[in-house]
Amino acid sequence: MGEPNSSQDRAGILIHALPYIQRYRGKTIVVKYGGNAMISPELKAAVIQDVVLMACVGIRTVLVHGGGPEIDQLLKKTGKESRFVQGLRYTDAETMELVQMVLAGKLNKDIVALVQQAGGQALGLCGIDGSFLEGVRYRSGGEDLGFVGEITRVNTDLLETVLNGGYIPVVSTVAIGTESDAGQSLNINADIAAAKIAAALKAEKLLLMTDVRGVLKDLNDPDSLLKVIYRKELDDLKKQGVVSKGMIPKIECCSLALDGGVSRTHIIDGRLPHALLIELFTDEGIGTMIV
Amino acid sequence: MGEPNSSQDRAGILIHALPYIQRYRGKTIVVKYGGNAMISPELKAAVIQDVVLMACVGIRTVLVHGGGPEIDQLLKKTGKESRFVQGLRYTDAETMELVQMVLAGKLNKDIVALVQQAGGQALGLCGIDGSFLEGVRYRSGGEDLGFVGEITRVNTDLLETVLNGGYIPVVSTVAIGTESDAGQSLNINADIAAAKIAAALKAEKLLLMTDVRGVLKDLNDPDSLLKVIYRKELDDLKKQGVVSKGMIPKIECCSLALDGGVSRTHIIDGRLPHALLIELFTDEGIGTMIV
Amino acid sequence: MGEPNSSQDRAGILIHALPYIQRYRGKTIVVKYGGNAMISPELKAAVIQDVVLMACVGIRTVLVHGGGPEIDQLLKKTGKESRFVQGLRYTDAETMELVQMVLAGKLNKDIVALVQQAGGQALGLCGIDGSFLEGVRYRSGGEDLGFVGEITRVNTDLLETVLNGGYIPVVSTVAIGTESDAGQSLNINADIAAAKIAAALKAEKLLLMTDVRGVLKDLNDPDSLLKVIYRKELDDLKKQGVVSKGMIPKIECCSLALDGGVSRTHIIDGRLPHALLIELFTDEGIGTMIV
Amino acid sequence: MGEPNSSQDRAGILIHALPYIQRYRGKTIVVKYGGNAMISPELKAAVIQDVVLMACVGIRTVLVHGGGPEIDQLLKKTGKESRFVQGLRYTDAETMELVQMVLAGKLNKDIVALVQQAGGQALGLCGIDGSFLEGVRYRSGGEDLGFVGEITRVNTDLLETVLNGGYIPVVSTVAIGTESDAGQSLNINADIAAAKIAAALKAEKLLLMTDVRGVLKDLNDPDSLLKVIYRKELDDLKKQGVVSKGMIPKIECCSLALDGGVSRTHIIDGRLPHALLIELFTDEGIGTMIV
Amino acid sequence: MGEPNSSQDRAGILIHALPYIQRYRGKTIVVKYGGNAMISPELKAAVIQDVVLMACVGIRTVLVHGGGPEIDQLLKKTGKESRFVQGLRYTDAETMELVQMVLAGKLNKDIVALVQQAGGQALGLCGIDGSFLEGVRYRSGGEDLGFVGEITRVNTDLLETVLNGGYIPVVSTVAIGTESDAGQSLNINADIAAAKIAAALKAEKLLLMTDVRGVLKDLNDPDSLLKVIYRKELDDLKKQGVVSKGMIPKIECCSLALDGGVSRTHIIDGRLPHALLIELFTDEGIGTMIV
Amino acid sequence: MGEPNSSQDRAGILIHALPYIQRYRGKTIVVKYGGNAMISPELKAAVIQDVVLMACVGIRTVLVHGGGPEIDQLLKKTGKESRFVQGLRYTDAETMELVQMVLAGKLNKDIVALVQQAGGQALGLCGIDGSFLEGVRYRSGGEDLGFVGEITRVNTDLLETVLNGGYIPVVSTVAIGTESDAGQSLNINADIAAAKIAAALKAEKLLLMTDVRGVLKDLNDPDSLLKVIYRKELDDLKKQGVVSKGMIPKIECCSLALDGGVSRTHIIDGRLPHALLIELFTDEGIGTMIV
């Protein structure tokens, strides 16, 4: 054996992955991709490789992505100024159009191109395609936020067609409005969209990529990571203030997915290269699992 | 019978369409959608209805769309200035990005939304998805035009998956570069893309929507329309100057499609509401057929 | 636009049919064909065209036909005299044989030939084929009517094979006897057969063609047509004498079908050309709907 | 063992049939059924049992039947008189109608009923159904014989649908006219129809049931049966007068089938009960094989 | 007709089998093969022919075989001496290895070869293949019997794959251990294995071949055979001493199968040639049926 | 990164395997398993893991195994003495029986059990099953070697059924005799059997496991390994004495496979743990590739 990473070592590492591959073959895993992992070219390349490997060993992988700094850049370039309602950005028609262009026209297709370059097969979608994400406008405390929406129905037919055809669906979280907003594009929070898609597909796992280590007992101590949280503990943890404010929406997404029939959810640190593979195919796992 | 459009009349008109429906059921028809038909809301609605009806009676319909004034609007908004090479707009990286956002992120999804509103099932694609349109940079007389490309391969697997799944593929003509431009988005002429897609699918028909009546013998005389042109006549017609300069690229697209195995090609007037249905399902036809 | 029935008008009429086609695609509709519509060559041609169009746009269409004047003609030709029991014709063995020959050997195959000439695909069946209509002798008030029967079982396997193979089943209503009449042909009322077949197939619709406008409040006033009758109203209407005596058996067929799971039933006027298309594909509808 | 037909003997006889069943499983065999075997109730029952057993052990069995004395009876009953042209009965429109009624409406459905009673699954067809036998008028030496036809095309799609659905197709040999006789029923010789159907299906075997022992060297000596004739010998045998005049059309049907790709053809004696089974499933065979 | 076993007689016997073939087509029948029928070459040949005929007429046939004198011969040859516990042979590791070699390596493949020689298609399996028979060690009154096991689970996936592929599964009753004996081969009683397999497959019939006539009222009187026993009578019969001691395990296997959903079970005399065919395809049946 | 085999390292190694997995997914690879790799428990476990991983990532894997010391042990135990003909062991009937028992009854099922324990799905076969390896006796220079055979036909239907069912076929190389040895088991050289099976399946690769490094230029210098040999060089290499005598039969197997349509063949060192994975999924490869 001798030196690290000899052929023998490498073979041994592949063999270590075997039981994990066996466990997830043919299962559906939804990945929410966002944050730093969408910005740094190295991290981006690593995520894409992970996703392609997952699909290649037979995992039905759905990649849901968020927006990035590009939206702000384009808003700035076009001289568009933002209005805020209760601390949330008001999405007027023009902004919505720009958001959709960046998400579905640029980020989505860039990810698809990277998957294809890495030898995978991907197809970029947004909720307008086949009306697979239907929604209505979201009102926070009765306040109108413009074309910010919430999902009322996930139609899985299109996703099944795409997955069965052997393609990784890459999803921009724009929904199509119904009722009084029929035909109108709506901007959807990507974490929630991923959770609802995972629930609709009865996925095995939802993996939320974040820019933190996971759920920490002490925000200042990275070693205080909670490796597993049981759903029944969540309320207590929130009350005890253990869960930081920024983490609460992530945890609520996980609850949503679990309630909808997803087996396990994970909050993982997208700043670590190959966080997905490490979570799925090694003994250690990574981040916080909520079950 | 009596008054026009009685129930009897309407039934008779449906029956008149029967032999045409029988002829095209299960066949593939590629429609290039562009020009005024993409701008006027009335024309747009009529095209969408036609396409949904085509799909509904069992025609495998592929809708390839061009850009529109939105590209110029966005370029203007972002303060981008255009450079021209030999009269053709040079497409630099930033412009290509904007073009892709407008085509794949806005126009494409807007068309998909309209098809869905009209009761059809559509899925928006660009050539990056599944790398189904591969290309290289196009050089006109050796001059670099930036990220303008030409198609080198149409991979029909993705289109077949989408058509077999019961969805109308709505196609933005952005290709994915290969070789030295691997992974780079390339802007493709929509007429040529439609012709190449029709050829790759061995389509029954290619329908090119234009803003003119068809091929006219005398440009000033709309009654001088040539209803049928045989491929072997094309060279003579060009030499005789019968075919106007603006029409030559359209006719070359038709030749390309015919050479590739498409049975019939049509140049039709997109300014007439329901031009597609009239061409396909009535005795008169419309525009110029090139066979 | 101007003159009636321009290309534009015709296209508009096709588009008007679109939502109806969308509604009925892939659904099963059983048509009982009889009366004048089977005698007048013009009406016959129109019915056949309607049925072929229905099948062509994806409706699973089953055509059940009655007998016609040909039975009487053949009885007369062969010198056969009829005996009546309680006002109903007694069907002896020889008569049954002649009835079967006319229904399954002549009328059925003539209809099939017309469908084929009109570009459709049809297959003529009677209840003996695959024993798909099983029956026993019908006794009216204990009186023997000979080989008049009632259906005890509809075996849908054969119809499914034929429909899935892409053929319109054209059905003569001869059943195969069971129990003490095992193997014996039985003559079945075509309206009731159509209703039982529609119920067995859980059809979307049963359309009964008659020689009257529909259910009239006042038999002498064709404008007194009842457009919709709800099942719960039926008893009252019969008591009130609103439903004419001739119409009662038709209405009972509709009840039978509705009880068996058919969604909607219609009594339509077969004397109007294209009554089927008008009922299915236009806004007005025709005749009386019983739901 | 002892007495004949003990259980042991019976088992032994089943086992003897095994290699024959293995040979014909999944193969197509076309049986022309006619003559005495269609008249005597005992013979009829035996033929039906044979056909049901054939289908039951996995042979794709097609049963083509001829007419019988019923046609003459009906012609007589209706007072129809026959005209002869060159010794052949002229088939006028009225006669054709009666022929079709007897064949497709009576004999065909009677056979279907018997198959069903015997536990098989059958579907009665004539060439009008799905236009599966297309023909033109036959002219003998330029003389018009009325609606006597010859087959120009066998469309096997319908037969494949019926066979794959698990039904025995029972075929009346009425064809649908094309060209100048479009839509007209035509009367076809059943032997020739069987041969053409066998050829179109690339059948393993064609079995022609006759009322003679087979091809005899000496018509007066039943022991002079020729067990095998090779196609190349046929011309010589005809010249030598060995083949009797009545047998020539049968032999020509066999040639037709062999030319069309059928592997083996047999002329068998339908007067022997279970002639089909004896030919197929025992060592002796029966009648004359032409290969 | 005259002499026994003329062609006519033979055809008649085949026809007699028809209703039985119709009854069992597509059904699953599990045969336990053992005793004299595995030793005498004539009986062996007859069983194989029966099984091949069963499969050939469409019965999904599973052949479960026991061991034979070969095991003792090999034990003797290798000088292995047997130890007995409570009258049962203790199966140590070395004995288990020899048992498995004889069963799965010799007897199993010999049977497969015979089926193939007889024109059938067979595939030899033991419970280790696809782990389709899982078991644990069997303890009789707490005593360790070595590697004698009992079945805890029958995984029917493998059997379905083999049956659907058109092969007769020939099964050696070696199971794969689970829990503390994970991966260890276990020797299983073949009668019980056959019963459990029949139950898991929801078989139509279980046929146990024995070396006796069936269940006799009086062991000394072969004419006292009980042709049918109803399950509810079993306890009484045992109490009354009617069922001989040697027959009790057979009857308990039948009970096990009936409890598991098998429709009928039969104890038949494997010393009679073609006992399987006589039981399945003739009127008499053979042995004792327990239902 | 720091220490060897951190999570990061392990993920990186999985990613390194990705292009190899992509290359071999859905392809067929035949592995000849023998020698030390079948004896040492550690090597055995490693081979099984490799094979299970191969199958798990979608490679259609066929495992052909040789015999081992068990055959000699059993021969010794049973007191059987060997006779040699021209230096080759004469295989008499009794020896053949013992060989078959060890191969098909013990080694084969032991391998199947190991695959199942490792989470794979395997089915043990020998050439008798479905007669998938047919052979005749092999005669070396006219001398009779008893029941040593050579393969005359590989019937791939059974292997396809097993592979499509999701099972790894584990193959003992016993063939079934044809012609004068019909039904007789024949002992086949496992290397040649693997080559013929690979050719019949048009496999992507044949991997022969040996107990040497590969083809060495200088037998005494392990660093003189030839990494690639082109088929056209083989004759020269043999003449030059480069290929050692022991290696010649291995190389001839590779030639046989290449001639039969296999893309690449490899002679690899089974003494290295995970030699299969290293060859398939790492950059270095291992042993000698012959193409």
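Per-chain residue numbering starts at 1, and chain names A, B, C, D, E and F are given in the order in which the chains are listed.
One rule holds in what follows: a residue touches a chain if its C-beta (ideal position, glycine included) is under 8 Å from a C-beta of that chain, and two chains touch if they have at least 3 such contacts.
Computed from a predicted structure; not experimentally measured.
Participant: What is the minimum number of touch steps required to go from subunit A to subunit D?
Facilitator: Minimum step count, subunit A to subunit D: 3.
Participant: In steps of 5 degrees, what rotation angle do you get fitting subunit B onto subunit F on the CA atoms?
Facilitator: So the angle, rounded to a multiple of 5, is 120 degrees.
Participant: Farthest chain from subunit B, going by mean C-alpha coordinates, please.
Facilitator: Using the mean of the C-alpha atoms as each chain's centre, the farthest one from subunit B is E.
Participant: How many angstrom lie between the CA centroids of subunit B and subunit C, rounded to a whole number?
Facilitator: Chain centres of subunit B and subunit C, defined by C-alpha means, are spaced 45 Å apart.
Participant: In whole angstrom, how far does the Cα centroid of subunit C sit from the Cα centroid of subunit D?
Facilitator: 35
Participant: Please compute the C-alpha centroid of subunit B, do the same for subunit D, then give the distance between them in whole Å.
Facilitator: About 56 Å separates the centre of subunit B from that of subunit D.
Participant: Give me the residue numbers in subunit F that touch at least two other chains, ranges are fine.
Facilitator: Residues of subunit F touching two or more partner chains: there are none.
Participant: Report the topology of the inter-chain touch graph, choosing from line, ring, star, complete and other.
Facilitator: ring
Participant: Could you list the chains in ring order, beginning with subunit A and heading to subunit B next?
Facilitator: A, B, C, D, E, F
Participant: Hey, which residues of subunit E end up touching subunit F in the complex?
Facilitator: Residue positions touching the partner: 74, 77-79, 97, 100-106, 108-109, 112-114, 116-117, 121-126, 128-131, 158, 161-162, 165-167, 174, 176, 182-183, 185.
Participant: Going by the contact rule set out above, which residues of subunit C touch subunit B in the complex?
Facilitator: Going through subunit C, the ones touching subunit B are 4-5, 7-19, 21-22, 25, 46, 49-50, 52-53, 56-58, 118-119, 272-274, 277-278, 281-282, 284, 286.
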